[in-house]
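First comes the structure, then the notes that go with it.
Chain lettering (A, B, C and D) follows the sequence in which the chains are written, and residue indices restart at 1 in each chain.
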Amino acid sequence: MDFDLADEQSLFKDAIDKLVQKEYGFEQRRRYAAEPEGWSRRVWSQLAEQGFLALPFDEAHGGLGYGPVELMLVNEALGRGLLLEPYLSTVVIAGGALRAGASDEQLALWVPQIAAGELLVSLAYLEKQSRYNLADVATRAELRDGEYRLSGTKIAVLHGDSADRLLVAARTAGARTDEEGISLFMVDADSAGLRRRGYRTQDGLRAADLILSDVAVPAANLVGRIGGGHALLQRASDYAIAALASEAVGCMQAALEMSVDYLKQRQQFGAPISRFQALQHHAADMLVEVEQARSMAMLAALVVDDVDEAERRKTLSAVKVQIGKSGRIVGQLAVQLHGGIGVTEEYAVGHYFKRLTMIESQFGDGEHHLTKIAAAGGFVSVTP
Amino acid sequence: MNFQPDPADQAFREEVRAFLREQLPVDVAARNRRGFHPSKEDELWWTQLLYRRGWSAPHWPVEYGGTGWSPQRRFIFEEECFLAGAPPTCAAGFSLLGPVLYTYGSDDQKARFLEPTRRGEIFWGQLFSEPNAGSDLASLKTTAVRDGDHYVVNGQKTWTTEGHYADWLFCLVRTDSSSKPQRGISFLIIDAKSPGVTIRPIVSIDDAHTLNETFLDNVRVPVANRIGEENAGWSYAKLLLEHERAFSAEVPRNKRLLSQLKHIAALALDGGARLIDDPLFSSRIAEAEIELRALEWLTLRALADMDHGADAGRPVGSVLKVRGSELIQKIGALIVEALGPYGLIAYPELDFETLPGPEAAAGKTADFLYRRAVTIYGGSNEIQRNIIAKGFLGL
Amino acid sequence: MDFALTEEQSMLRDSLRRYVEKEYAFEARRQLIEQAGGFRRAHWNAYAEMGWLGIGLPEASGGFGGDLSDSAILLEEFGRGLVVEPYAASHIQASRLLLHSGDARAAELIEALIAGSTLYAVAHNEPGARGRSLWVETRAAATGGGSRISGTKTQVLAAPSADRFLVSARSEQGLSLFLIDRDTPGMSLREYRLVDGSQAADLSFDQLLLPESALLGAAGKADSAIDLAISAATIACCAEMVGAMEQALWITRDYLRTRKQFGVAIGSFQALQHRMADMYIALEQARSMLYRGLAYAEDGDAIRRRGAVSASKAQVGRSAQYIAAQAVQLHGGIGLTNEYCIGHYFKRLLVLEAAYGSSAYHVGVVAQQLRDAA
Amino acid sequence: MDLRFTDEENAFREEVRSFIRENLPKPVHAKMLEHRALSKDEVVSWQRILNARGWATPSWPAAWGGPGWTAVQRYIFLDELHQFPAPEPVSFNVSMIGPVIGTFGSDEQKARLLPRIANLDDWWCQGFSEPGAGSDLAALSTSAIRHGDHYVVNGTKMWQGMGHRADWMFTLVRTDPAAKKQAGISFLLIDMKSPGLSVQPIITIDGRHEVNSVFLDNVRVPVAQRVYLENKGWDVAKFLLGNERTGIARIGMSKYLIRRAKQIAAQVQDGDRTLAEDAGFRRRCAEIEVELKALEITQMRVLAAMGEHAEKPDPRSSILKIKGVELRQAASELLLRAAGPLALAAEGEYDPPNPEDAPADTEWGSTIAPVYFILRAASIYGGATEVQKNILAQAVLGLPK
């Protein structure tokens, strides 16, 4: 085990940190949010140019072949900068599903486009009733005349409004909550019969709801085994949890630093408020949470590619629980320590708080994962 | 960064396990796992046994009989011993006195004390705290006045863990009261049999005797028993307090408690069912487990820093102390709750078998009560938060 | 609504406080626990003489009338003074069992109870109950004229000193209560001490044959008496806890005002002040729920009563856990010693928190009721 | 000791409840149910409905034209409004400036202003906080310099709730810069249309515009618009800060939030059953509800004690503030958790011009996260939780200052 950055990793981290620092001041972010797509194409091209979009994909398919640790470093930086760009949706989540299930031909076709920043893909898996159950898919796909026809509704598709393609989970067999019988299809965003409505999300990012009415998809755009999509959704969820964990750590670290700076600079009763011991202890508690969360983000990077599926899933559930808990404490305390300005849109700390809040409700909240761990018997073995 | 564990460490873990399987008698293990305080005999006997394998002072430098293990291996060793139920070794001697002695002691002092300690022939007691100097250690009042080639020591010390086992004591005394509180403190070692030394038990809330207070009444201590320079003792003691911070989350203890919790929850009746089958109770166990996982990883990160001799740049020791101690108390409370009616019985150490309840019940609540101390000693959690806030965050 | 004590209640409180401060001063209490196993009959007789055993019981049976709120005044004082003598477990519980038993001898039995001439132990709790008020696996079978009972009762408080036992057992007809004398052959007691120094025992019965006269009230009809008795005892226990935690709070406050570190009283440290503020909030929340519990503890509507009792115990228990833990923490090392009182508050509150179901159990009851109501 | 409401009190509750049911305009109720913002007209018309009934100024004595209710009645009234939920009477008018005028105002000020305050003919906002003075209110630096029969006021005030709707602002200004902190402060009423006064919105993290900054640039204020004595404004401020805070615990609001969380939980699927059937969710509800019950009784106890020594605010009301906020925040977390991914969309983003065009109705969830977000402010304003704990520690527990 080695917790120090290797030289190459350091370069990598420096590069992404520099990019975020240069391009993602709070004012700049506000401007990007006002752009038509709600994020910056220019920043996206820079991410592409520096190779960040190619990061996790195999070299054979046109990627860079880096592992989860490097992805962790990138996502932490993105969290620090509260990036609005579709990195999570395209590279991590859709990219994760593709890495897990797409054929070599498909990957060879799509990865270079993703890497170049030319192709945005969003995974459309969530439906209004599905909550955190990946197997709950009512959207149907039927094979007719050599094509699949998709009908159904999807909600909260991250960056679904600017995506060029949507990776849609649809049922080719089975009942609504069966794990078997879900298939993934790469659907062109401008397909006939596909309507989408984009909206800003609570954390300032973008999402879309989709209605698919008999949308035609060529058989070649089936990703993975027919009916075997659930496993790919799970892999996408694994990658998403690991990425959200490191993104959350970035948010928390930034929120902590801002709060500490604020405490030192804000004067009240004739002295900096950092003098008040109760506030000092709030800051100390935040730090404790950040470190616990950081440990778990690292653990996520270790297990996200673990072949032992039960262990992997259980551990990632633990990661998500800790991230949610730490994120809640750090976000809430950061706002509290800032007082009034903490609840204004004009000040960055509230935005970290909102992002951390939304991370909690993506890919299962703490309670959901806690129940899963308990049902799986936990980690420590039993002895008298 | 590479988070894959080292296979060589894994092999080392197996080696330790095999050693424990062969050497640790079942009854000794059972006694220690129960949660009652260990006996002096068990501690010294186990130290002697480890000594024969060369493992009694793993973290000392090799030249003084240490093992040369990496911090990670020391952690593995400690965890395996603890989980198996091995008795502890004298913490005051190995973790506190040893490092001061081999760092600041004279050659003669090293020769007199290091080897016998390692052999399990000397039990040490620590005399730092005083009734009116808890977290504010530097305000200590015990005096040592020079009288020829002796110091005459007067004062009162408290919280001497296992002091009634001690053959020798080490003590912080004030040798110069005119200077700042931190200066003017010296570090003495005192024969526990010296005239004027009185060790009095403090019965703790688990109804057990492991703590003591020590009265020093005109105790004559040869100047040769002073470690290092006169009036420089504070810097030696500070070194101790910062020592071993990567171990301060007590991950092994937390693991053992959790595993016992699960065992008890599986035995405990809850109406007609087992408590562990209650989804809410098992979720609470899961919560504690997640906390433990995060702590274990934070510990691994801290060990890696130690290994590199690097300062983590973070107050990791404080974070580990705060969270590790809180977790011990949280799991302890879950154990008492899981035991239900048997969590309330005062099981005596000697004939608990005659009382109702599962065998696993004995000692658990006593341990829970005693572990109220973990958020208080070694720098209370409030002090740790001050360290984080002031020392690290710069508030 | 009126939360103030009447003049009579205030006088009762004052005389109780004087008694407890004298008889249960730290050293006296230590001796009581170490030498007398936590119980002295002389104390009990004194309670009887002072009329404290008649509080809240019907005048017709020699009591002084009033209700559980009056008993709560006594119990709060007992809690404050760490009295481990089994007033709630024995007196409150047994008096309600007798009162609601429907037995023709009830008035006479209560009279003896108020006079202090009979000390009861209630042998109802069983290992799997964990708060479930009607969880009984002890069996009773009718024999010609009498009953035969088999089973185990756990943590029967006051058992080592009791003259008589009130034992619950289940037969085909339902739950019944039996009145068993201490010297009944065939009953075995395993005595022990709890962590707070109070005395208890496990009782086991193996085909114990009881005469017809041992049955209290009608066979199979004891459910409601038991449920009422446990409700009253649970709230009584809450009152003791509130007294104990309030006292622990003020002891801690005084300690913070006198203990100096780094040259100042540690009570001037803001983080510790806020901790004390949190303890105080917890205390007031607990007291509120004690009052609410008192309003419903003897309510005839079982569903409403159980819900209110559980909500009270849940809140009081959680507050107690917090206050007890922080009281020890704020005292530092001295809080861990048996020589100082605060650790004893911790242990007493630990025992009371578990009695009649932990706060976790009672939150579960409230949750279940919320669900049933939905 | 009697812990139950009297029959009269219960009857009063019924009366209030049915009045609200019959008189609150349906569209306002619908908006309140979904936590949507109300227009100025909606607030004004509701207050006038209450005022017509004599209920717009619950805390006012009969002498000022108030209903002269007991503390328990006031509590019941607010509790019913919160639970229904219906808007409270605008607190800047009826709980703040009204009592100030009633207590400190001249007879002329009373006669002229009180009826207009009650009827919301003038909408008032508060100008106390400044960028450099939050919890340390007395550190304010806005100056008012006397020029004949006018003050010339300069400075910046922050956090005017609904300042953009207000006609008048009551404010604290420094009239004697040489005096010590609390001395030298006066209490002025300022017309929001005064030349030199400008309002700038502050958007809060729920995306809404409710608070503002007000800039005062040589604003001339007639001396007649000063309340009470010059340089004695701090007495007025202290009165306001220590003023009765019935209903500060906002228990009814927590109840409403929990009720909505349960309603949503009963609709949303969680695995193979609804979330309402999840043991963990039910338990969390129960935990909050138990605490809330306790707080309700604590509230009653504070009210009962108020009856005895009405002149002094009970320091225990800090408990009501701390715990009340904590429980509202907890209830909003529960609500957010119930909505899960359905709370993702931002409010106002999902308002398709043609409802037919909406692909799916995630829209209902969009007002939930903002409730959770903005409730973070509740532990900051009106005496931050930390400040309340200082009060408890020092005033109640007697720990050193």
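Throughout what follows, contacts are C-beta pairs under 8 Å (C-beta built on N, C-alpha and C of every residue); 3 or more make two chains touch, one makes a residue touch a chain.
These numbers come from a predicted model, not from an experiment.
Looking at C-alpha means, what's the farthest chain from chain A?
C
Write down the chain pair with more C-beta contact pairs when A-D is set against B-C.
A-D
Could you work out how far the Cα centre of chain A sits from that of chain D, in whole Å?
Comparing mean C-alpha positions, chain D is 38 Å from chain A.
Just the number, please: Cα centre separation of chain B and chain C in whole Å.
38
Roughly how far is chain A from chain B, centre to centre by C-alpha average, rounded to an integer in Å?
42
Just give me the whole-number Å value for how far the CA centre of chain B lies from that of chain D.
53
Among the residues of chain D, which are close enough to touch at least two other chains?
In chain D, residues 279-280, 283, 386, 389 touch at least two other chains, as defined above.
Could you say which residues in chain B touch two or more other chains, in rising order?
279-280, 283, 382, 385
Quick check on chain C: which residues sit in contact with 2+ other chains?
269-271, 273-274, 364
What kind of graph do the touching chains make: line, ring, star, complete, other?
complete
For chain C, which residues count as touching chain A in their complex?
269-271, 273-274
Show me the residue ranges of chain B that touch chain C in the complex, using the header's touch definition.
129, 132, 134-136, 139, 158-159, 202-205, 207, 211, 269-272, 280-281, 329, 333, 336-337, 340-341, 343-346, 354-356, 365-366, 369-370, 372-373, 375-377, 380-382, 385
Could you list, by residue number, the parts of chain D that touch chain B in their complex?
Within the complex, chain D touches chain B at residues 279-280, 283.
Within their complex, state which residues of chain B touch chain A.
Touch residues, chain B against chain A: 1-6, 33, 72, 83, 255-256, 258-260, 262-263, 266, 279, 282-283, 285-287, 289-298, 300-301, 304-305, 308, 314-316, 318-319, 322-323, 359-360, 382, 384-386, 388-390, 392-395.
Quick one: in the complex, what on chain C touches chain B?
Per the stated touch rule, the residues are 125, 127-130, 132, 135, 154-155, 190, 192-197, 200, 202, 260-262, 269, 271-272, 321, 325, 328-329, 332-333, 335-339, 343-344, 346-347, 350-351, 354, 358, 360, 364.
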